[in-house]
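Chain lettering (A, B, C and D) follows the sequence in which the chains are written, and residue indices restart at 1 in each chain.
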Amino acid sequence: MAAEKMALAKAINESLRRALETDPKVLIMGEDVGKLGGVFRVTDGLQKDFGESRVIDTPLAESGIVGTAIGLALRGYRPVVEIQFDGFVFPAYDQIVTQLAKMHARSLGKVKLPVVVRIPYGGGIGAVEHHSESPEALFAHVAGLKVVSPSNASDAYWMMQQAIQSDDPVIYFEPKRRYWDKAEVSTEAIPDPLHKAKVAREGTDLTLAAYGPMVKLCHEVAAAAAEEGKSLEVLDLRSVSPIDFDSIQASVEKTRRLVVVHEAPVFLGSGAEIAARITERCFYHLEAPVLRVGGYHAPYPPARLEEAYLPDLDRVLDAVDRSLAY
Amino acid sequence: MAAEKMALAKAINESLRRALETDPKVLIMGEDVGKLGGVFRVTDGLQKDFGESRVIDTPLAESGIVGTAIGLALRGYRPVVEIQFDGFVFPAYDQIVTQLAKMHARSLGKVKLPVVVRIPYGGGIGAVEHHSESPEALFAHVAGLKVVSPSNASDAYWMMQQAIQSDDPVIYFEPKRRYWDKAEVSTEAIPDPLHKAKVAREGTDLTLAAYGPMVKLCHEVAAAAAEEGKSLEVLDLRSVSPIDFDSIQASVEKTRRLVVVHEAPVFLGSGAEIAARITERCFYHLEAPVLRVGGYHAPYPPARLEEAYLPDLDRVLDAVDRSLAY
Amino acid sequence: MTVESTAAHTPRRSAGSKAGATGAKSKRSTGANARKSADPELVQLLTPEGKRVKNAEYDKYVAGITSEELRGLYRDMVLTRRFDAEATALQRQGELGLWASLLGQEAAQIGSGRALNDDDYVFPTYREHGVAWCRGVDPTNLLGMFRGVNNGGWDPNSNNFHLYTIVIGSQTLHATGYAMGIAKDGADSAVIAYFGDGASSQGDVAESFTFSAVYNAPVVFFCQNNQWAISEPTEKQTRVPLYQRAQGFGFPGVRVDGNDVLACLAVTKWALERARGGEGPTLVEAFTYRMGAHTTSDDPTRYRGDEERLAWEAKDPILRLRRYLEAANHADEGFFAELEAESETLGKRVREAVRAMPDPDHYAIFENVYADGHALVDEERAQFAAYQASFADVEGV
Amino acid sequence: MTVESTAAHTPRRSAGSKAGATGAKSKRSTGANARKSADPELVQLLTPEGKRVKNAEYDKYVAGITSEELRGLYRDMVLTRRFDAEATALQRQGELGLWASLLGQEAAQIGSGRALNDDDYVFPTYREHGVAWCRGVDPTNLLGMFRGVNNGGWDPNSNNFHLYTIVIGSQTLHATGYAMGIAKDGADSAVIAYFGDGASSQGDVAESFTFSAVYNAPVVFFCQNNQWAISEPTEKQTRVPLYQRAQGFGFPGVRVDGNDVLACLAVTKWALERARGGEGPTLVEAFTYRMGAHTTSDDPTRYRGDEERLAWEAKDPILRLRRYLEAANHADEGFFAELEAESETLGKRVREAVRAMPDPDHYAIFENVYADGHALVDEERAQFAAYQASFADVEGV
């Protein structure tokens, strides 16, 4: 059973299971991760099979979860902690930014903190407040953290393996609205490096760069554009810290146009950094400024407005047209 | 005594005093703000003159400080809270991001939270860990907050008046290494709007954009460049949310070159947004990519390394040269 | 439909307000350690069988309660449960995206809610539909966020009932700050902050205990221990009864039978009186049970069995009061029949109001982000308008 | 210079380890409520005058203590104070950027530090120089961050002494997690987490109480209540004695005379024994006094008077033990003279070591940001190198 079609949530579940099996130091921690298997069932069945001492239901306190995970890592464990929803990571922000991110440097390299923080993120599921946000830039700005987000089940599986094996803290953003999307997952494939972008679709006229939930949208955009005779390249960035600028640059040197798409607000979102750096690297190659499609500078809106708030086919196509019009 | 030369810290002190005098709803809260007058003496003498019920020493808990300030604002008060140092704002980050920033929208405008969060920030004072950071981008990315930073005593005075009068939460970043710099402060001048950038020095060859502690450096750079016959314009942005892009655009349309300088790490710092947006607005005007000078993607280093970490005259001049070389 | 109209018969100014509201002070004012609590003592005034039991300390707070007031409490609980059931049904029909049911917690909420005066202030979680009812908040207002048309949106000052807070524990600090403000104003009102057993673990809740104790703020912390935080039983949050938490912060804590509306009324009145009398914060732990799922998204069969629910059903708060009302002749058949009809009317009204609730205009995204405006929001709104207009052009062609 | 060499005479494995380490269990195992505490009771074994007083509960933990061990405790305190004074002087001379003095807190730190076994683990704040000494940490290591050449930089595993933590309260959660790990490993060691009276207000500290209680983690919370958090007296953090905080979380708290090294040793040994014996966390509040400024940047004359300091000087921890040693003939003149000389040597060594401490290479900025590397750091390092090289070019011309 080396390859199987499975949903993204199931792929993470299988990856966690494999990690628990292979390394006795791996722990799962979080609110409701045990019997319930998490509100999205990502940890389904793990406590049953690995016991309460490896799959730990914690008190309702995110700072406590990350803070004790740090202590467990100091003792030699490799905790994988779940934050139940994007909007609930902030009580843990202090522990993540001032402790998790900096302890390796503080110790001049003597301490390693192999902690993975799993955060289901993004919108599109019709949820109430604080359940649909995309705060990745708030972590990527902070040195000492690595930030990744898979777009499909296969990457979800392998990137989780790599995140757990990493000796650095990894913030692993799970595209919750893609949890139920299925894809072929080979449990024997040799994975790409964790922080390497992938050309998800080749094209010549313009590059669409995205990660997590927006990669699927970019595929749809490229397909729609193809019908109009435009050839778009889709880059799946996979990592937001570091960002694989070499791959973006290579693509842009070919297509000469770049549109970045993310759900997070555009203002100071990861697209800003990509635009700034790629413009610097490709100043004479770019035929148009790097354009960005993302959320607005507003709190994530109530469910009945999220369609208008989130990047969609038309908005990305609009940006593509604007770029091509230069 | 309508105009007086005073240090930046003293200007804030005078501005707070004026606010306490004018509006009985204004409160000062924070750790050690009372008898001690704050570790930088910014609130010196205020408790003595206005009493313990208006100038409040709080328990040592930043989330509690901001959270209770929100409650006081709901009751009609206008709290000005002090976070003792930049690196200690993170325990309050959840209250700031999920409550302070969003309650106005959550109430569809019925609730207003006129809370000012004062944060002495930035390096250059030879301090220990967590005392020299520049986290402004982490607040500017969040809708619902306004973020400002004065560069001189006069702005410090007036921007504090305006921040307190604002019905929105304002994160007021104080350039701690400039606390002792003196400038003329007129307590009767009609101030510029809070979020408007100022041309601090006119020039024609290149625009330097900065705010807070880096404005003084940019003046030094411009003076040095002038000796080499280069005419640099210095823009004091003053506000990081919103950013006055119109003023930057106007300057760049004239000079055609832009270098942004801040102490915060370059990666996803405010310079990224400025570069991205100005490139979009001025695509055909720019002779060179927008260049950025700032901190590295590393935890703020120990004091004996900060000189190498922080932007200085040579590093900014280097960027100016690189820009002019395009 | 407004609550006011449906709730008109009920005394809003605080049930049992004629009860002896003094005299308790001398006994209580020993402060922090007044309530020694080696063993959990559950304050109970009505047994599950509906028998009124004596309580030397708390009887006085409901001593003068009238039949009408008792019927009012019953009516509040029945209508709240009915509203709650309607909302659950509306979620199943797709009219709401989510619903957090209060089923089982009616006594805790109505008892505490009816202890309040109009000028007291409430900081709820996301489940205080019964308290909202007592405050006269239009239930339709509560449904907006669950339908996804807004994130709350009511004016907290209309009924001194703050917005629902979803981030667990945050509102306890807002409540404390508000109470500090009351003290500063020299006002004699009080604040009540609701939170759950799970929330008790959050740092913010501990900080609110610290601040309220240090500033002696007039706030009642009302913890509904409904035994569960989603799938986690209370043992995952604490190894001793939660009401004991208060003592270490220097104020009293008390555990009350959260399914006994009279006891909840009495204990909350006592705590509010302490607050108003300048004695500072109190923690009330209402020992109750979440009879339904955490929310409509939850599946409790994954983590708890039926026996527990059955045991708690026997302690049902509404049934218990009904037995008492009937046994003590506080209500006749006509009352119950009329209430049944009123219940139906309420259900129908809520249903209709929700179905009629319009979707917000897309431009609402850009509204109320700032009170004083923000250049970036203006720019994005303009871009959005231009983008929308581009479709109009296309459609116009 | 290493501590090991200077500290060679002192029994590192825990002073008084021969003392009866059993027997306490039966009395303590009632758990949370074992320590009823309506009034603060201060555990004291040595009066300020150096008189040994009996204590039925804690005597047994120091019952077998030898003269040599007592002299060891004295020597630890004297050398720690000397080191501390030297560091303060070095700050005045510009060799350090800042110093956080432990003056006055020697007994709390040495007493608790010497209660530990080698395989126990310590999570300090930024002021635990005396505990570091007990652990055999080279004092020079402590000075690096205050000189500004690093942010700590020692290997916590070398002496089971974690890095200093500046963000108030954070380390109590790390300590709890570490202790959870010990329990998972089935090891019989324990963890001690230091924090201050001010820190007690931080949400993180409350969360560490919750987690350690729920998981029954083998951790001792050691709060040095030195009466001040910078300029704020303890009343700004709590209105009841801090040791009482523990009870509401379900574990015992005890207040010990923090200027009495014997009492601190005994109480900490008791708490550690509880931890190792599977009885979970304990809170020890060491009631002591910060005799100096908060740090060398602080000016305490702005917020407190002399009387207070004078009152506490009479309770000086070192003087008190000296009186006892002399009165009970545990030490002679030779010992004190020798210690004075050793003290001088230590001061000299620290001075020389600090002055010899090189500034770090600029490239250190880019080191140890990540364990596995990061493309952006590599890129910035390369840019930095190119930029540096551009000067070399200029200078070369």
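Here is the rule we use: contacts are C-beta pairs under 8 Å (C-beta built on N, C-alpha and C of every residue); 3 or more make two chains touch, one makes a residue touch a chain.
Please read these numbers as outputs of a predicted model, since none were measured by experiment.
Across the two interfaces under comparison, A-D and A-C, the one joined by more C-beta contacts turns out to be A-D. Centroid distances from subunit C, each centroid being the mean of CA atoms, peak for D. Inter-chain spacing, taken between the CA centroids of subunit C and subunit D, is 45 Å. Separating the CA-averaged centres of subunit A and subunit D is a span of 41 Å. With each centre defined as the average position of its C-alpha atoms, the distance from subunit B to subunit D rounds to 37 Å.
Multi-chain contact residues of subunit C, defined as those touching 2 or more other chains: 150-152, 167, 201-204, 207, 210, 214, 236-237, 369, 374, 376-377.
Contacts with at least two other chains are made by residues 58-59, 61, 63-64, 87, 90-91, 94, 98, 102, 105-106, 129-130, 143-144, 241, 267, 296-299 of subunit A.
By the touch rule above, subunit A contacts subunit C in their complex via residues 31-32, 34-37, 39, 57-61, 63-64, 87-88, 90-91, 126-130, 267, 296-299, 301-305, 308-309, 314-315, 318.
Contacts from subunit B toward subunit C in the complex involve residues 53, 58-59, 61, 63-64, 66-77, 91, 94-95, 98-99, 102-112, 143-144, 146, 166-168, 195, 241-246.
Per the touch definition, subunit C reaches subunit D in the complex via residues 32-33, 38, 200-207, 210, 213-214, 216, 235-240, 244-250, 253.
Residue ranges on subunit C touching subunit A, taken from their complex, read 97-98, 144-152, 166-168, 198-199, 201-204, 229-232, 236-237, 297-298, 302-303, 359-360, 362, 364-366, 369, 374, 376-377, 380, 384, 387, 390-391. Within the complex formed with subunit B, the residues of subunit A that make contact are 63, 87, 90-91, 93-94, 97-98, 101-102, 105-106, 129-130, 137-138, 140-141, 143-144, 241, 265, 267-273, 275-277, 279-280, 283, 288-292, 296-299, 326.
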